[in-house]
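Common to both upcoming complexes is subunit A, partnered first by subunit B, then by subunit C.
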Partner chain A sequence: MKGLKIKKLSKAMNGLKIVEQVTANFLPGRITALIGPNGAGKTTLFHLITSELKVDKGEIVYGDETITNLPPYLVARKGVGRLFQDIRVFGNMTAFENVATACYGPCFETPWFPFFNLKRMKSINNDIRERAFHWLNFVDLAEKKDHPAASLSYGQQKLLAIARLLAGGFSLLLLDEPTAGLNPVMIKNVLRLLEKIITEDRSKTVILVEHNMGVVNEVADWVYFMNEGRIAFFGRTDHVLGDKEVREIYLGL
Partner chain B sequence: MILLSQLLLNALVNAAIFSLLAVGFGLIYRSMRFFYIAYGAVYVIASYAVVAAMQISGFPLYLSIGAGVFLGVLAGVLMDRTVYLPLERSGATPGVLLIASLGLYILAVNAVALIFGNEVKILSRGIEPSFSLGPLVITRMQVIQFLVGWILVTGFWLIIRKNTLMKGIWAMGETPNLVTALGLPCGLMRLLVFALSSVFAGVASLVTALDVGIDPHVGMHALLIGAVAVIVGGVDVYWGWIGGASLLALLQGMAVWQFSSRWNDLITFGILIITLLFRPQGLFSPRKRREER
Partner chain C sequence: MNYVLHLLIMIGIYLILSYGLNLVVGFGGLLSLCHAVFYGIGAYTGTLLMIKAGLPFLPAIFLGMVITGLFALIVGLPALRFRGDSFVLVTLGFQMIVFTILYNWIDLTRGPYGIPGIPRPVIAGVEVTELYQYFILVSLFLVVIVAILFVVCRSPFGLALKALRDDEMAAEGLGKSPVHLFLYAFVISGMVASLAGGLYATYVTYIDPTSFTLDESIFLLAILLVGGTGNMIGPLVGTVFMILLPEALRFLGLPDTVAPNVRQMIYGLTLITLMFLRPQGIAGEFKLR
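Right, the complex of A and B next:
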């Protein structure tokens, strides 16, 4: 059971403190929401966890390993997967190939591995195919498997990105606004999916950045409220959403 | 009729060399989306390495060829590690990479010219033995060019066709950040792409240089052939690159037939401009939906 611990994390860019002294604990088997106004540093925090940005100060520990400032692909290999805010799919590749890409990791131990281990590659490729189909089915995109990803609708691309994340077998899921831009039915699907993920595999840790309070209320067990780069408030979902300060700063109530 | 057939035969040989150039350029362009001008430098360095090995160190031919390809690969990989990769890590735009690449090209060509002089270096002396196919004539070197080119290009396709690694590499061209977020090592993949690309540039350079010699300034010509073939054929289709290269070779052959070989560059750019105007995704790419562009 791996959890994510963030200790006194700070990041400044161009003299501006974007994330400051953030300490947080994300437990496995639980969906933790990260909420706050635009520019509060939520997405930056994700960038720091995945090493897309370098950490200035502080420490990030996943399980019992420190992953601060590791190269991004190694962070991913430790099990940290991310769904981007602007959905990113490989537009020229088919839906199937998009999902399969997430399973390639083990083939890349050396650059020549796939060229010289033809026998093992065969079984690895079969395994990849099975996994990719399984997760495409999981998000109901099986019939779109041969369509180029760019030809799918916005919501379908989002589901595709989620399928890719799940196929990658990541144990820590950083979801940046998974429901933004989706229609209500799609949102329900995504929420059901999230609950399914967490109930089927209690070792997974899910962190959710979300502006839709209905979504937060429905799936999140725990909430961190960020404001101006700091964790301003945290606790059980109903507790945080009921707080006077949170309601004033963020919800405008 | 005989002249036309002879020109077609020559075009087929040229198409093999052009295809090598296109695959080398296309590998980089498709997986990194930047215009790799220093490709021309790799082309020049490979052949001059052979010149140095043969004429200065007195290596036998086959050893020199190995040394040439090896040094070409080394040059390509070093350029990436010392210039492009650091630039990209610091967030350089494709424009900056293009200028840096142009700088590297000029640097390399001038260094080669300083050391070896500007004149054409001949690698093989004497008259090439030739074979006749009915009324048509083909030299031994042309046979070698034809075989080496087509075997490499086809063989490489057979290897990468279903290769997982190459799929990761093509994905890298679309969204590099995403590829690392999925746990694929971009650095390693770049290394491989630059090495492979340099092999193709080096081999194309050597089979040409062994035929007609080499001077320091042919790199730009090689780069343009490779780049135009890839863009005309379609960046995301391997056989499109080969198709583009073959089309260029064929049209250049026709130009020789109707006008003179001095028209070749005009043909190259003419076809580039016409393609960009009427089919910007390339002749052999599937048409895209409007919202995908």
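Right, the complex of A and C next:
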């Protein structure tokens, strides 16, 4: 069971403090929401966790390992997976290939691997195919398997990215607005997915960045409220969403 | 008949080159402008290992591939720190440096005088001299190389490479290492080009640096852009098209005085038209940025 600890994390860009002294704790087995107005620094915080951006100050600890400023692919190999706000499916690859490539670990991905594992190749490929279809079915995209990802609709691409993420077997999921731009039916599906993820595997840690408070209310146990690069508030979901300050700054109530 | 065999041999050699380059350009999405460098180094190392070290054909070719592979590693390490236009420019820089070395290191390469009298390949006691024999030799190598590249491209490695090509950030987020995967592709592609160089040198029995210029690198890239990249058909279509088109233009019956220039212009015009009609290449699946 690995949790994520963020300690006094700071990041400035062009002299602007985008993330400032953020300290937060994300526990396994639950969905923790990270909310805040546009430009609060939520996506930047994700960029820092996955080393897409370099940390100025502070520390990120996952489990008992420090992952601060580790190259992004190594952070991923520690079990940190991410759903991007701008989705980022592999557009020229089929839906199936998008998910399949997430199933392979690095030891399969040397050019010489197939030549030294001629006999095993068939069973490996079958195994991967099975797993890829499992996740495609999970998001209800099995009949789109041979379509290039770029040809799918926005909502389908989002679901595909979710399937790809789940196929990667990550233990920490950073979800950047998984329901944004989806219709209500799709949102219901994603909600069901989120609940399924966390109930099926209690060792997973989920951080959910979300503007839809209905979604946050429904699935998140705890909420961090971020504003102007700082954590302004933390608490149980009903508590934070009911707070007068949060309602004023963010919800405009 | 000899003319046809000669064209087939040249198509075979260029197929080996373009399939190798396809790994970097089509699967990796990186426009490399120094492929002729690896072709040239393969030709020179193969030749020198045969002439100066007295190695037989096959060991010379294979050792040449290893040396070229190491060289590709040296080029790739700095070049692959860059993407997009910067990568193109860095590979262009290496193209110019290596050409200059080949041209001026007279003691080793004889520079502009070239190396004549390169021995024909001897395989299992048979000297390959006739055109048809050469055609068989090139075809054999081509089949082996294409088979290997076919397996490599369809392997998890090939898939990961395509993922990096389509979205590097997302692929890295799945644990794919850009440095390692691109470097593998770059080195393999260089080694394959080296083999083509060895075949070319022993086929024409004379090499000089002018066969391995920037023009040649651009030509190889053009083959892929015309044929289409990222699959196994594109390089075939592109190579056949780009080699046969200038030959076909010879039969237009143009007056001798203007023929070469007009042919060049028609050649260029055809490429431009093609890019308008099919920007992803004749058999391509996607358009390179």
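We take it that the second predicted complex is superposed on the first by the 235 of 253 C-alpha atoms of A that agree within 3 Å, B and C clash if a C-alpha of one lies under 4 Å from a C-alpha of the other, contacts with A are read in each partner's own complex, and residues count from 1 in each chain.
Please note the rule applied: a residue touches a chain if its C-beta (ideal position, glycine included) is under 8 Å from a C-beta of that chain, and two chains touch if they have at least 3 such contacts.
All values reported here derive from a predicted model rather than from experimental measurement.
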Please work out whether A:168 is in contact with subunit B alone, subunit C alone, both, or neither, and reply first, second, both or neither.
-> both
Touching A:7, do we find subunit B (first), subunit C (second), both, or neither?
-> neither
Could you tell me if A:211 is touching subunit B, subunit C, both of them or neither one (first, second, both, neither)?
-> neither
Between subunit B (first) and subunit C (second), which does A:91 come into contact with in this model arrangement: first, second, both, or neither?
-> both
Touching both subunit B and subunit C, residues of subunit A | 50, 52, 71-74, 76-77, 81-82, 84, 88, 90-93, 97, 100-102, 104-105, 108, 110-111, 113-115, 164, 168
Subunit C residues touching subunit A in their complex are 151-152, 155-157, 159-160, 162-163, 165-167, 169-178, 181, 184-185, 188, 230, 285-286
Contact set on subunit A toward subunit B in their complex | 50, 52, 71-74, 76-77, 81-82, 84, 88, 90-93, 97, 100-102, 104-105, 107-108, 110-111, 113-115, 121, 124-125, 128, 148, 150-151, 164, 168
Using the touch definition up top, name the residues of subunit A that touch subunit C in the complex.
-> 50, 52, 71-74, 76-77, 81-82, 84, 88-93, 97-98, 100-102, 104-106, 108-111, 113-115, 164, 168
Touching subunit A in the complex: which residues of subunit B?
-> 159, 162-165, 167-168, 170-171, 174-175, 177-189, 191-192, 236, 288-289, 291-292
